[in-house]
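Presented sequentially are two complexes of subunit A, the first with subunit B as partner and the second with subunit C.
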Partner chain A sequence: MSFSNTQWLALSPFLLLSAAIVALMLSIAFKRRHDGNATMAVIGLNCTLVLILVLLLISKGRVELTPLLVVDNYALFYGAIILMTTLATATLSHAYLDGFKGEREEMYLLLAISALGGLVLACAQHFASLFIGLEILSVPLYAMIAYPVKKRHSLEGGVKYLVLSAVASAFMLFGIALLYSQVGSMGFAEVGAFFAAHDFELISNRVALLGGALLLIAIAFKLSLVPFHLWTPDVYEGAPAPVTSYLATASKTAVFAVLLRYFVEAGGYHQTALIEVLAVLAFVSILVGNVLAVRQNNVKRMMAYSSIAHFGYCMVALVAGGPLAVEAVGAYLLSYVITTLGAFGVLTLTSSPMGDRDADLNYDYRGLFWRRPYLASIMTAMLLSLAGIPATAGFIGKFYVIAAGLDAKLWWLLGAVVVGSAIGLYYYLRLLIAMFLLDPARHRFSAALDWAQHVGGIMVLLLTLAMMGMGLFPQPFIDLIRHAALQPG
Partner chain B sequence: MILLWLILIPFIGGLLSWQGERFVGRGFPRWVALLTMLFALGISVWLWVVGDYSLPAVGGKPQWTIEYQASWIPRFGISLHLAMDGLALLLVVLTNLLGVMAVACSWREIERNVGFFHLNLLWNLGGVVGVFLTLDLFLFFFLWEMMLVPMYFLIALWGHNAPGGKGRIYAATKFFIFTQASGLIMLLAILGLVFVHYQQTGHFSFDYMDLLGMSMAPSVEMLLMLGFFIAFAVKTPMVPFHSWLPDAHSQAPTAGSVDLAGILLKTAAFGMLRFALPLFPNASHAFAPVAMGFGVLGIIYGAFMCFSQNDIKRLVAYSSVSHMGFVLVGVYAGTQQALQGVVVQMLAHGLSAGALFILCGEIYERIHTRELSQMGGLWARFPYLPPIAMFFAAASLGLPGMGNFVGEFLILLGSWNIAPLTTALAATGLVMGAVYTLILVQRAFHGAPAAGAPPLKDLGRRELAMMGVLMLLLLGLGVYPQTVLNTSASAMHQVHTIYSAAAATGVAP
Partner chain C sequence: MSFFFYLAAAVAVIATLFVIGGRNPVHALLYLVVSLLAVAGIFFMMGAPFAGALEVIVYAGAIMVLFVFVVMMLNLGQATVDQERHWIQMRYWVGPGLLSAILLAGLLFVLGNGGTHPMSMTEVSAKQVGIHLFGPYLLAVELASMLLLAALVAAYHLGKHD
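Up next is the complex of A and B:
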């Protein structure tokens, strides 16, 4: 099999990132230098990102690389999001790991490998590549979550994620095998066509039904949709703050991207039963996620539950289908990623350099505004964006979700969105106002005074600009998202 | 362009106040904020003087004295579309005037974080001015929700923890959640309206002028109208949804209360006049008896609740509920007289409630309590404050010669032909208003002062100047309302025409 030039070009981001990973690994093996190795990783990631953006700009259309992978604008767009997230995590990790007493360099290696998995997922059009991508994405995460191995919480979180994720992978493999036994192929297109053709007799074909259900469970686990969300709060809490931000954004975005591709390109919308199940999952996720978040005093746990709810909102757009769905999911995920990274960025800057615990209690944020006004203002903007208040990116995302849902007349899901937003407002406001209250006691946590002059700080400032930009002048972002639309199969 | 500046000036002034405190000093934000608001007020009054607000509608489409449009989000047909007619002008003038008062009344009250306080106050005012000027439904919702955030901060950070209450953060959060959730329902309705338009024409538009006069199925129209109505009803506040208001008022700082009662409540009435009625005339007409019923319920319930209040700010808050009930009745009566009365009532209530809240603040600053049971005999302890308070209380109960009387009278006169029974019930509110207002005056000011109570520091020159201005305006509005009526006549006539056309065809869903 020989590749044409176009195909080589489409493959180039993978090659470049892999080369960067190997180079990074070798350089760590030769000599450990935290700054040097981190810079190398960031340069490698940046080059890949630039390459992807260039490819997105010249837009070669749909390029198939073997039956496993396809590179189109959609894949490139999500690849760019994943790489940007990875870059943000890398810069945050640099500030955060300064105080870490163990080996610091492997974090970047793990991060880059995981990003590679994300890229594969964004391009996957076959259940084999879906599985491969998911594993490349997840396996480094086990190590990243448990990176501070001396800490009980991190270790617990890592092991928990490892065990549950392995179970989910087993479900997924078994599901794929069952589907394969019925369809005779693992390509999205073939499986989708099979279901489209046999939808009415699906009830009788128990094997295919079971396979689909197992697959769905694995995906729902990765997206932490209720009732497969039980790992989320513990793992979020245990993981170091930058890793949590990666877990909340990159890994979920990649999985959602592949799910949406299956639905739009392979005709997943023909499977009415599947849509109904997803609608129920979305409904429950929104309500349960928001209600449980109310009770949390730990910011990371709160963000964990709120992320459950956010993916519920995003699922509403997916369930809606129709002409707006792809655009709505893109807008929602983009706004969610920018905002979540910003919020975790502030959390990381406040916690760093790594102490005996992260600044993750509500109480740690008391009076932050009077100590670090700009940092607290950024956090305020991020929380308002998560709550979906106008003038922030989150509002554009929510606007899209509601528009898509309304177009498809999903009344009860829209009701859940409204109720969920009202509940969500309560816990975001609680954290928000804590930052403005006067602090009666001495405060343990404050970012360094010159936070804005470090890479982590600059990154958070850039995210804020992007967030406000998307909230106030969304048109360029909308153009970009529309440029990356999928063609329905 | 001048309209855009009307919105932007408070935002810029707010930023200057915030940053200026750090570099110049504590007094600086107050002066910046005051000058900003005076400047904005000057512009809006100048627009009043030079503009012609009596343009009649052409071909059923309203005409705007000043209009500004710039592209914003072409994907959905969203633009920065601002326009001013007589109604918007009057409310903008009111907003900027009360903005000046809010800055002035915080001069002594706010000691902590002066710059950030004025940032929030001015951003809130800027957002409200935007709400009055916008003609794009997306922009309307955008500003409608955005102005909540500064208000939330005003209550949560500079509010009081009234004894026995649940605390200022509770009140602020309740206010935010009530209005935000109802706002989202309005967003659903806005999007629904846009999709209906999309199905008919094939392109997205959030523009008021495009959406006006659209025909749709009665049941759809009713649903969409209800979506708008709920948002406005929560903010008005209409009685079953009013419970955030007394809490918010009793915890808010004085400037926050002035802002809330004087301006924010008016955005809801404005929303009904500008959006709910003209966009959904048939459904509104069918719904009118229910809405008027709720209005009467609000009038009576608010008045009754006033009797049982011990906190003066809560009392004034409930009287707002009662007075805004008149507005609801007038809006849905929909005759020219009633609508004109609504405009006057909004202005008069803004002035009188604003003044009463300022006076509550002054009293609190001096005797450190707002409990009526701990007052009594204040008349003997101040020379100026009690008679001034008496003046505004009399205005509030609708004494002829004051603006409130003109508003309430016109509303009742205009509603009589539409719904005699409702109007008769609403008129009892005037009687009860007189009773609770006099009870307030009697309990707070009359009687003998406690033995050995020292005389209190009276109003200073700043406070007397504020009160003087408000008194003059209220008297002017009561004695010669024609200037205001002329300004709003054309805009109200437009609403009346659309509404009465629906009434004539009698299409009921």
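Up next is the complex of A and C:
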């Protein structure tokens, strides 16, 4: 196997990130220093991010690296989102882990490996790389969720995620095997050609249909769409705050990126029966996610249910298909990632350094505005963006989703989006009001006074700027998303 | 000749059911080994001797080692000896033994008939597997090493007592 210069260039982010992982592992093995090792991880991730952005800028077009991976603008765009998220998580973890009694350094190693899995998923064009990427993404997450092993909730969350993830992987492997038995290849292009050729008789090819369905079940589990969502609130609640933010953003974005590529390049859109099922899943996810979020007094659980609903919205854009789908999904995911990271950033800063529990109750935020006005303002902006209020990033994302749905005339799904957004506003505002209530005499949590001078605080401020920028002046972001379009196969 | 496939598949399914239903982990492991052997038999029948051999060596072999380790590390002293004596009763090993015997009988039957199954006409040798692994699937092999590293670090962190 020999690569040309262009291929080496396309492969370079993988090589750089892997080298950073190995270097980090060796440095931890030689000497444990929390600050030093965290800095090393952040430098490695930053270099990879810059490299990916440069590659996106010079845009070599579509470069195939063996039948497994393809590096195009789409992959680079999602790779950049994943690395950005990982960086944010790493910086947030630093202040948070200062309160952790055990060994803190593994967190950065696991994060970096998980980010590598996300990169692989963004570039996957073969079922083998899809599966390996998904496993590299998930295996470090088991340990990250259960990082404070002594805590009951964390351990419970980790075990739940481990068992259900393994079941989902089994579904996925069986689905892939069934598809392979019909197509005779695992490459997305060949699978796409097969589905395009058998468009009308697909209903009669039960095996291929079942294979596609099993694959989607596994994906729906990772995206926690209803009815595969039962793990989400417990895992979100149990995981340490920075890990929850990673779980809600990077891992889901990577899975959605590969799902969209599967649909566009591997002829998922020819499986009309599955599209209908997905539409129902999106509908139920939006309604169930939003309705269950209303009753939560725990912010992490509320965010878990709200993320179920958000991926329902995103799925509407995917179901819509057509020329706008890829752009709409890109815009929605970008706005979702920035906003969710910001909200979890505030949550993490408030919980740092780690105590016997995170600041995840509504009550913990009562009067936050009077204690940490800027932090509470950031949280306010992020919650408004999650609700999709105009002049925030969330509005642009929702606008795109509704435009894509209108294009495809998905009236009942659009109805669900509208109703869901209305319910969403209610529970986001509930947290918002709590922050502006009078400061209770006894409060347990407030971020360090100099939070804005720490890396985590700076990251949250940057995210706020990005969120406002995308909401007020979206054109550069839209240009970037258009640059990362996907060519239908 | 497809009867061997159904035989092996049935043995695998039955043994796996016993793994799931078994209350004693050690007995469940025994059934798991039988199940893996049955799957290895299917690999052999399909003309993939390399994959079959790996299944036997890595899975069945490694799990046997694990089983021995479990017995060695968790149970020490006189109580263990009694427990061992208790375990070597016929009703504990007759199930896995019977299933293995069925597999063996099927294997001997297939070998006796010359082993001309249409599925096994194309044989996948170890060399071909190697060429594929270090050709189009090169990156998958490299990425698998990262996956193992992740699993190792995760297991180290979660399993550490301090």
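One rule holds in what follows: the second predicted complex is superposed on the first by the 486 of 489 C-alpha atoms of A that agree within 3 Å, B and C clash if a C-alpha of one lies under 4 Å from a C-alpha of the other, contacts with A are read in each partner's own complex, and residues count from 1 in each chain.
By definition in this document, a contact is a pair of C-beta atoms (placed from the backbone, for glycine too) under 8 Å apart; a residue touches a chain by one contact, two chains touch by 3 or more.
Here the structure is a predicted model, which means the values were calculated and not measured.
*Asks:* Put subunit B and subunit C onto subunit A via the superposition and say whether they clash or fit.
*Replies:* After superposition on subunit A, which the two structures share, subunit B sits beside subunit C with no clash.
*Asks:* Looking at A:431, would you say it contacts subunit B, subunit C, both, or neither? Reply first, second, both or neither.
*Replies:* neither
*Asks:* Return first, second, both or neither, reflecting whether A:418 touches subunit B, subunit C, both chains, or no partner chain.
*Replies:* A:418 contacts subunit B only, not subunit C.
*Asks:* Between subunit B (first) and subunit C (second), which, if any, makes contact with A:65: first, second, both or neither?
*Replies:* After superposing on A, A:65 lies in contact with subunit C but is clear of subunit B.
*Asks:* So in the superposed three-chain picture, is A:25 touching just subunit B, just subunit C, both, or none of them (first/second/both/neither)?
*Replies:* After superposition on chain A, A:25 lies in contact with subunit C alone.
*Asks:* Contact-wise, after the overlay, does A:484 reach subunit B, subunit C, both or neither (first, second, both, neither)?
*Replies:* neither
*Asks:* Using C-alpha centres only, what angle sits at subunit A with arms pointing to subunit B and subunit C? Round to the nearest 10 degrees.
*Replies:* 150
*Asks:* After superposition on the shared chain, which partner residues are touched by A:406: those of subunit B (first), subunit C (second), both, or neither?
*Replies:* Once the two structures are laid over each other on A, A:406 reaches subunit B alone.
*Asks:* Could you grab the smallest C-alpha gap between subunit B and subunit C in the overlay, to the nearest Å?
*Replies:* It comes out at 39 Å between the closest C-alpha atoms.
*Asks:* What residues on subunit B touch subunit A, complex-wise?
*Replies:* So the residues of subunit B touching subunit A come out as 72-75, 113, 141-143, 145-146, 148-149, 152-153, 156-157, 169, 172-173, 176-177, 180-181, 184-185, 187-188, 191-192, 195.
*Asks:* Of all residues in subunit A, which touch subunit B in the complex?
*Replies:* Where subunit A meets subunit B, its residues are 370, 384, 389-391, 395, 399, 402-403, 406-407, 414, 417-419, 421-422, 425-426, 429-430, 433, 436-437, 473-475, 478-479, 482.
*Asks:* Spell out the residues on subunit A that touch subunit C in their complex, using ranges where they run on.
*Replies:* It comes out as residues 1, 14, 18, 21, 25, 65-69, 102-103, 106, 109-110, 113-114, 116-117, 120, 128-129, 132-133, 135-136, 139-140, 142-143, 146-147, 149, 158.
*Asks:* For subunit C, which residues count as touching subunit A in their complex?
*Replies:* 134-140, 142-144, 146-147, 149-151, 153-158, 160, 162
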